[in-house]
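Got a structure for you, questions after.
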Amino acid sequence: MASVAVSAVEAPVVAEHRGFRQRWYRTPSFVAGASILGAIVVVAILAPVVTWHDPVEQNLVNLLQGPSWSHPLGTDDLGRDIWTRLVYGARTDLRIAVLAVLFPFVLGTTAGLIAGYFGGRTDTVANWLVSVVVAFPFYVLIIALVFALGPGTRNIFIAITIVGWVSYARIVRGEVLVAKRQEYVLAAHAGGLSSARIIGRHLLPNVITQAVVFAMSDIVLVILAIVTLGYLGLGVQPPTPDWGRMIADGQTYLTTHWWLSTIPGIAIVVTALGLSLLADGIADLLRPE
Amino acid sequence: MSLAGYAARRLLQMIPIALGVTLLVFFLIHLVPGDPARTMLGTRATPERIALLHEEWGLDEPLPVQYWRFLSRLVHGDLGASLFYSVPAGRLVMERLPVTLWLIGLGTLLSVAIAVPLATLAAAKRDRPTDHVVRAVPLVGLGFPSFWIGIMLLLAFALNSGRAFPVGGYGEGFLGHLHAMFLPALTVALAISPILIRSLRASLLEVLESDYVATARSKGLPERRVLIRHGLRNAVISMVTVLGVNIGFLVGGTLVVEQVFALPGVGQLMINSIFQRDFPVVQAVTLAFTIMVVLVYLTTDIIHAALDPRVRFD
Amino acid sequence: MTAPLLDARDLRVEFTLARGVLRAVDGASFRVAPGEALGIVGESGSGKTMALRALVRLLPRAARLVGGTVLFDGKELTALDEDGIREIRGRSIAMVFQEPMTALNPVMKVGDQIAEGPLVRLGLGRRAARLRALELMRLVGIPDPARRADAYSFELSGGLRQRVMIAIALSGNPKLLLCDEPTTALDVTIQDQILALLSSLREQLHVSVVFVSHDLAVIAQTCQHVAVMYAGQVVEYGPVDTVFREPRHPYTLSLLRSVPNVDVVRETLLTIPGSPPDLAAPPSGCRFHPRCTFAQPDCKSGEFPLRPLGESRATACIHDEACAHDVRRDPVIANG
């Protein structure tokens, strides 16, 4: 009896995702986003191959050079090759961004599932926590946390996780509240399945879609947070290359060497555009036909 | 229920959240690795100074006691003294507040001035080239870091050939302030307007398909009146909400923008205090920002209730 | 019949959907005389609402009027451009919608909504427009108009909201009122009141009415002529008494027969066994033939436009005699 309930229950999830494989190449935003992002990721991975200078090594003879064969984008105020730092900056920022989305995603989804499913006091407490975190302006809290914890990549994760989990928790909780009234959940209950199994095998696959869609647009926000922290001097510490830091370093030379600040900014915009397009594409594809 | 009754009810609901906020701010000091007093003093640390801070902050007492002391001092407006300036932290914040408020106010105004016409235009000319151009704005625009927008604006309008605006600073007198704050406020506005454009356009399109717009059209009213008096009038309600929800980002944005334009506001105070390891000031600023944002949430809720009478009867 | 106020011929409305093009209305013709009420009756999906809206081109975004003529008061409406048809709306032809909760602006006082027409279209000043609104509210039977004018739509009951809608419709002094199921969303008792109101207004103001409904009794009660629609086409037309007593189209007959008890007819939505055709791919020949008890082989192909049967009677069925014979044999107790 229980197994009958289980197989009937699993049906809704499969129906939603069947269309994905056939449709992805016909969705323009997905294709465009994946291409842009793919190009950037490939370049970042192949950093040692596509660059021929050291990103960190200073060369005080070669300060603030214009574009040349050896330095296609010129050098910065410490003689470092800009193209190299740009590519390695992509590595740094993208890597941190992915992890800084993953942790809040996991934490928030778990919290949302528990709060939504069990309701009652657990839910009230969770809601209160969410409201408190949300009351803080996003950047202010992150900066305050980075200050308290100290600079460094690990603390960037922690700070973003503490602030970022709330969005996922809210989304997942909302989905769970709707889903737990559906027949397949009631059937699972009646079949005597444990809470853990219901949450894990039946609720989770169905409510996670919205969280995934949000995660895609969250990456953009997180990248912006990372480069903003970098600009303020609170993020990735020098000499590790970071786009935000590069823009800050270039601001002093704005009148004469305006490209020092402009180029990393363009890199950020293009990366964010690729991610946004990808996010739109995935949202389109995950929507049931 | 009257508007005043609704406002009172919302205020009451804020209390547990306000308490939670103070708790979080209080806990910041306990996140600091090692001995917070020693870490904050840094190079200035001497055994006497450390002991003094332990005394003043009650660091050796049990946590609930510490929190109680923190809360009671807070209620009296005492946020501790700056480690750097030997002045009450609260006073430092108040001195810098006007600049930041200018930025927030002017920035919000400009963002609405940008978003409303663009979104309305896009909705009126749906699926035609104008619409596609306007729709591209949020897509590309959300990826622009606010500090980079500021730097680009500096490049274009304050440096080199276009010396129309000052490079930084606050200016003198009302007009001086307006002139100096224009580029920073524009930066803030440009950073937040993509979200506003997208949501207002979507909500306007939805409203234009509704039955009451059909009724308005069946009266033979000119399309412009239908668009504005019936369409926009209903769609802005949701925009006020969106603005309120995103005010956290707007305020956070001012923090960064103050750095770009060297504005002597609360945000710059925070950044400087971070580098000076002046914990009480950082704490005070965090609290100040949060209070501002919470007040804005409340205000947008009340404006929403004023615009949409249905909400009051919840 | 005197010259009709409205003469719609062969209307066609197309819907462009993701899965293809759909003809919501595919050949609908009907007439309305001055001061009289025409009922358009049919199941949901028959195209009656679209046909009504097509008259003033108030169609949803995905729909377009692609054929037919609409002669109104000597003017050809289909030849008018956007500004021209807007001129007609409100002043000459007004609409009353089905669901007054959603058809009224939620953030605008109802008095202002009624006054808007006179203010903008009739060029009255604010005070004059307000007075006119109060006058209209009295006309439609809203008690205590001065206080009610300052209310919002959600503060009013369903019946009052519908009266407000009617007041709005009348505010431009139209010659023709188009009513799209105005009583469907209302309580049975309120329905009676609104129908009585509409009838008295029609007589008082000598305004014509087109009344769309799925409810035969309502049509019988309020209208002089009726047009029966099926699958986007008008299949029968004539005086209400005659058509209901002696229908000359099998669809009309089955409609009448499917009503179990005339007195409770208002509480049930009509259904007939089988299902209405997919308008993106309708059956060949007569669209009703798959469900018709009188169907013959020659019904399966060809075109079947409305055929006049005398002064103001028409049917699309070529075997109408068989149908009439069947009714004479086994009459439906029509609401006489």
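Per-chain residue numbering starts at 1, and chain names A, B and C are given in the order in which the chains are listed.
Here is the rule we go by: a residue touches a chain if its C-beta (ideal position, glycine included) is under 8 Å from a C-beta of that chain, and two chains touch if they have at least 3 such contacts.
Since the structure is predicted, the reported quantities are computational estimates derived from the model, not experimental observations.
Using the touch rule from the top, point out the two chains with the most contacting C-beta pairs.
Pair with the most C-beta pairs in contact: A-B.
Hey, which chain ends up farthest from subunit A, C-alpha centres compared?
Comparing chain centres, C lies farthest from subunit A.
Could you give the separation in Å between the centres of subunit A and subunit B, each centre being the mean of its C-alpha atoms?
Here subunit A and subunit B have centroids separated by 23 Å.
Taking each chain's centre as its mean C-alpha position, how far apart are subunit B and subunit C in Å?
That gives a centre separation of 53 Å.
Using the average of all C-alpha atoms in each chain as its centre, how far is it in Å between subunit A and subunit C?
Taking the average C-alpha coordinate of subunit A and of subunit C, the gap between them is 55 Å.
Please name which positions on subunit B make contact with subunit A in the complex.
Contacts found on subunit B: 16-18, 20-21, 23-24, 28-29, 31-33, 139-140, 142-148, 151-152, 154-155, 159-160, 247-249, 251-253, 255-256, 259-260, 270-271, 274-275, 282-283, 285-286, 289-290, 293-294, 297.
Where on subunit A is subunit B touching in the complex?
128-129, 131-141, 143-145, 147-150, 220, 224, 227-228, 231-234, 244, 247, 251, 254-255, 258, 261-262, 265, 268-273, 275-277, 280
Quick one: which bits of subunit C touch subunit B in the complex? Just the residue numbers, please.
56, 58, 60-61, 86-91, 94-95, 97, 99, 102-108, 116-117, 120-121, 152, 154, 165, 168-169, 171-172
Which of the residues in subunit B end up touching subunit C in this complex?
Going through subunit B, the ones touching subunit C are 209-212, 214-223, 225, 230, 233-234, 237, 307-310, 313.
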